[in-house]
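Dropping a structure here in structure tokens format, bear with me for questions.
Labels run A, B, C and D following the written order; every chain starts at residue 1.
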Amino acid sequence: MGKHQMNQTYTTSELLSVMCSRVMPDGAIIFAGVGVPLLGATLAQRLHAPKLTILFEGGIIGPFIQPGRLPSSTNEMRTAEKANMLLNPTDVLALLQRGYVDIGFIGGAQIDQYANVNSSYIGSYRQPAPRLPGSGGGNDISSLVETIVIMPHEKKRFVENVDFITSPGYVAGGNSRKDAGLISGGVLKVITNLCVFDCDAVTRRLCVRALHPGVTIDAVLDNMGFRPEIPDDLETSEPPTGEELEILRELDPTRIYLK
Amino acid sequence: MTTGFQSAPDTPHYVDLRARLAKRDRGLRDKVMSLSEAIGTIADGDHVAIGGNTFSRTPFAAIWELVRQQKKRLTVSRSITSTEGDFLLAGGCVDKYMTSWFSQGILWGLSRVMRDFVENGKVTYEEWSHMSLGMMYRAGALGIPFLPTRVMMGSGMPEALVTSLETMTCPYSGDKLLLLPALNPNVALIHVQRADKYGNAQYDGLPFMDADMAMAADRVILTTEKIISNDDIRNAPDHTKIPFMAVDAVVEVPYGAAPHECAGFYEPFYKHMDEYADFTRKNGVPGALDYMQEHIFEPRDWTGFLKKLGVGLPN
Amino acid sequence: MTTGFQSAPDTPHYVDLRARLAKRDRGLRDKVMSLSEAIGTIADGDHVAIGGNTFSRTPFAAIWELVRQQKKRLTVSRSITSTEGDFLLAGGCVDKYMTSWFSQGILWGLSRVMRDFVENGKVTYEEWSHMSLGMMYRAGALGIPFLPTRVMMGSGMPEALVTSLETMTCPYSGDKLLLLPALNPNVALIHVQRADKYGNAQYDGLPFMDADMAMAADRVILTTEKIISNDDIRNAPDHTKIPFMAVDAVVEVPYGAAPHECAGFYEPFYKHMDEYADFTRKNGVPGALDYMQEHIFEPRDWTGFLKKLGVGLPN
Amino acid sequence: MGKHQMNQTYTTSELLSVMCSRVMPDGAIIFAGVGVPLLGATLAQRLHAPKLTILFEGGIIGPFIQPGRLPSSTNEMRTAEKANMLLNPTDVLALLQRGYVDIGFIGGAQIDQYANVNSSYIGSYRQPAPRLPGSGGGNDISSLVETIVIMPHEKKRFVENVDFITSPGYVAGGNSRKDAGLISGGVLKVITNLCVFDCDAVTRRLCVRALHPGVTIDAVLDNMGFRPEIPDDLETSEPPTGEELEILRELDPTRIYLK
């Protein structure tokens, strides 16, 4: 994605990683993928959350990721370095179902007004173009625990209704998530490179909560395919600090993920 | 007894499943054979499940041989699929693919091969959640016809399957549950660090779904970095992850997961993975076929492929 | 949501269960405490599940302390029960006992204490099949309200339970299945060979149902032969069987399973087991109480009990 | 039980162990308890079935039992000596459900005309006397696999209907076992110190098949509380050989089980 369009001294991935890091409380158990969420989690461990525990769908509990050795899959042995425990994927995902995980992080190709995420099919599932890699653990995470979605803020990604629900947010809004059988979890926040959303308590539609530094509400809306809820009192995110950026760059010196 | 109950096509009825198992010679017997002999036991149309995950402990040599033997009309299941999926599809081996994720790896982006096959309707493709596939193998391993779960509901996934999934209201809790049908593959291909000649298998590092898959399958073909003695197994029986009675073939294949990784033995061959990615990035399915010609069909044997990988076997 | 669904009394509703879990501090924190402090966290009326099996890796020190603290109205579950069951019953701790088998061991015959309590209606006694109890812990561990099974049907067992068991016809296979409700104890007592101060537990030899039980329970109290460093755990993470996040108390108790066995550390103290058997053989429940007075209530601490057992602790 | 009443040179347990041993085919997977079936299995391994595999409910697959170190529980580490694999009890019992086991062996306090076994309650389950140790894995074995029942031949044990069905045989006869949901398994044989029964293919009632050496059909009937099926052609078991007895006595030199 290259440098952030606001001409600031950090990239989109750096901004996302920092914002991601800040929502991770100390002592929490999080379930993450290997890109931005892992960078965010490792950053959080270095700064405000030394007791944060990371779980990966490969079956890994509490690894200790080494700078410069970022894994390229949640299922490879690098991800398992200095872990507290190695489990099989079925049982590590069952920890979500049992309720052991505080926050799950997912991404995807599209997100819609009810925070449903698509990582499977663009177009019809009968004749997609393209067919995407798919759910992995995404559906499990979003079905079972409170979830934060990390998403580049682009018009083609923020669509009123996703082509296909891979990872359910609030389904069709209101109580429809619970009615579908998903009696736990739900999307807590959607973090983009422009702003932070949560979901309205009643309608369950995306609601802008905070704008990132230098971002206007118009920039947010111009890059979306639908109009989210917009409350009167919008917060502004604190910009990434020098310390945060320094640690991130130490973790990913070859910029595998910090694009 | 099964009349009217046909909605889970990959779940054979329990009575049939047990009849198949009863026919197997499950005694403590020498099962060591060659790779081609072991893979030769797979029939066209079989459901083949693949152990490991993404590019970890993939039974690569077994898949390599399976593609060489040009098996046809297979159902293939693997929770997370990497390059091996490309070869199985491009090799014309697969009628139905069951997975939760399919890409060489996030570093390399979408699979051009998978896209071609799915987008053009050349394969029946079922996407399951990752845990769901694990639970389906587990149901198969436990000898029960389904496991209830709290996932996949509210999503588009059930509708997009060939399998018609059932839900129920739990009589104890009132909760709505999705019933994941047991998955009982005909063959599980599994690569491990060590096993004895009877098939007692021990592996280190991430266990993945291999144990459930092995117990769910009709038969298991095991490739192993090293064959060790039964005494060594019996000296550490709490490290045995798959019991001999579930295994039908043991093949010693050093670097049997290459170019993927095998914990304690080798990391992924990233450079080779990049090279393969170049083939498909430039040229899609024909690119994959070019790679396969050179790396799968042309080498005289597995050692020949390893040589191309730059690996000299220890003596 | 739970209205009208009350037939599995030891299955809390999923939403309540998760609310309890969410309240626990599951971070990587030091959980080392004394035996009395750890057992002090158990409330009267709790459901206490006991790890190990028969006289293997029984959390004996924990039960010894629980009896000393005179806990009341407990539900106790253990798949196979030995002497610890006598002490819990004779100590007046138990309202309901769930097991598949109850005797000191086949060498010693029927439990006079259990007979007295069950035959005279002094305890609610539920007999389950051995696998069923295991599957109930497993359902609890997996966060699902039941596991379907093919056992206990056609027998008298379901009718003799307090729990009202449900059956169903499988929508995939047409098979009749018995639905085993999830078992989610309030506390699991587990003894292991080694653990770190955070509660990462590793055990050798027979694993028993401990892992499922730990993940099913609201809380876990771990006793361990030895506390090792977190570095030692992280150097062998594939040997960790219970993750720290499931554990709430870590107590270092050498010989913590005595007079039962702990693989790699000590065999059962058969002579002492014979001596206890003599107490009840001669005098039933009062005999058990005599033994308990001398071995549980009189010693100043666990070391005092070990001295009676003839064990001198290493320095 | 002391010496066998026929004044032969072997005890009841020795006779049962020998008879038990002979029904174990080479290469079979059997599920056994620690008394007579384990003695029988170990004897079979020494003689005709070197590839016989023993499973114990404690979670043990294929141990190698040492003479003089017979375990006293299916759940202790002695039972695990030189095993091929140690599993948890849930999964080792699930091997029965999956169909991995050829024959399961059980005992009990009572058996009835349909080979149902009681090891739970004498009298009513509401007010038993005595309350017995219970099922353990017995119910699992008899529900899931073909089962052989080992039972001392006594009138109080062979009752028309057991007080309580712990381990179902053919339930109420005919198709009632299958109708109850038990679509696999069933009682293959009942081996006593006087004879061997199987169950009639239609009625599913106990049927005498072979008399042990020196035993008359009257002795069989006199020691039962009901009349089993008796076909015209009764076989006679071969008596224990010197070799069989010698091996058994070597295995259990202190006669823990060879009473």
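Note that in this section a residue touches a chain if its C-beta (ideal position, glycine included) is under 8 Å from a C-beta of that chain, and two chains touch if they have at least 3 such contacts.
What you are looking at is a predicted structure, and each value in this text was computed from that prediction instead of being measured.
Enquirer: Any chains in contact with both subunit C and subunit D?
Expert: The common neighbours are B.
Enquirer: What's the distance between the Cα centroids of subunit A and subunit C, rounded to whole Å?
Expert: Taking the average C-alpha coordinate of subunit A and of subunit C, the gap between them is 40 Å.
Enquirer: Please report how many Å separate the Cα centroid of subunit B from that of subunit C, as a whole number.
Expert: The mean C-alpha positions of subunit B and subunit C differ by 37 Å.
Enquirer: CA centre of subunit A versus CA centre of subunit B: separation in Å?
Expert: 29
Enquirer: Tell me, which residues of subunit D touch at least two other chains?
Expert: Within subunit D, residues 80, 86-87, 94, 96-97, 144, 183-184 contact more than one other chain.
Enquirer: Mark out which residues of subunit B touch at least two other chains, giving numbers and ranges.
Expert: Residues 1, 14, 143-144, 149-150, 175, 177, 205-207, 238 of subunit B each touch two or more of the other chains.
Enquirer: Quick one: do these chains touch in a line, a ring, a star, all-to-all (complete), or other?
Expert: Graph shape here is other: it fits none of the named patterns.
Enquirer: Which two-chain combinations qualify as touching?
Expert: Every pair of chains in contact is listed here: A-B, A-C, B-C, B-D, C-D.
Enquirer: Along subunit C, where are the residues that touch subunit D in the complex?
Expert: Subunit C residues touching subunit D: 53-56, 79-80, 99-103, 105-107, 110-111, 114-115, 118-119, 121, 125, 127-132, 134-135, 137-138, 149-157, 159-160, 167, 175-178, 205-212, 261, 263, 267-268.
Enquirer: Please output the residues of subunit D touching subunit C within their complex, sorted ascending.
Expert: 34-35, 57-60, 72-78, 80, 86-90, 93-94, 96-97, 120-121, 125, 127-140, 143-144, 164-168, 171, 176-177, 180-184, 256
Enquirer: Can you name the residues of subunit B that touch subunit D in the complex?
Expert: Where subunit B meets subunit D, its residues are 1, 14-15, 17-18, 21-22, 25-29, 141-144, 198, 200, 215, 230, 233-234, 237-238, 240, 243-246.
Enquirer: For subunit A, which residues count as touching subunit C in their complex?
Expert: So the residues of subunit A in touch with subunit C come to 26-29, 51-53, 61-62, 64, 80, 82-87, 94-100, 102, 144, 183-184.
Enquirer: Provide the residue numbers of subunit B that touch subunit C in the complex, in ascending order.
Expert: 1-5, 7-8, 11, 13-14, 143-150, 166, 168, 170-175, 177, 179, 181-182, 204-207, 238
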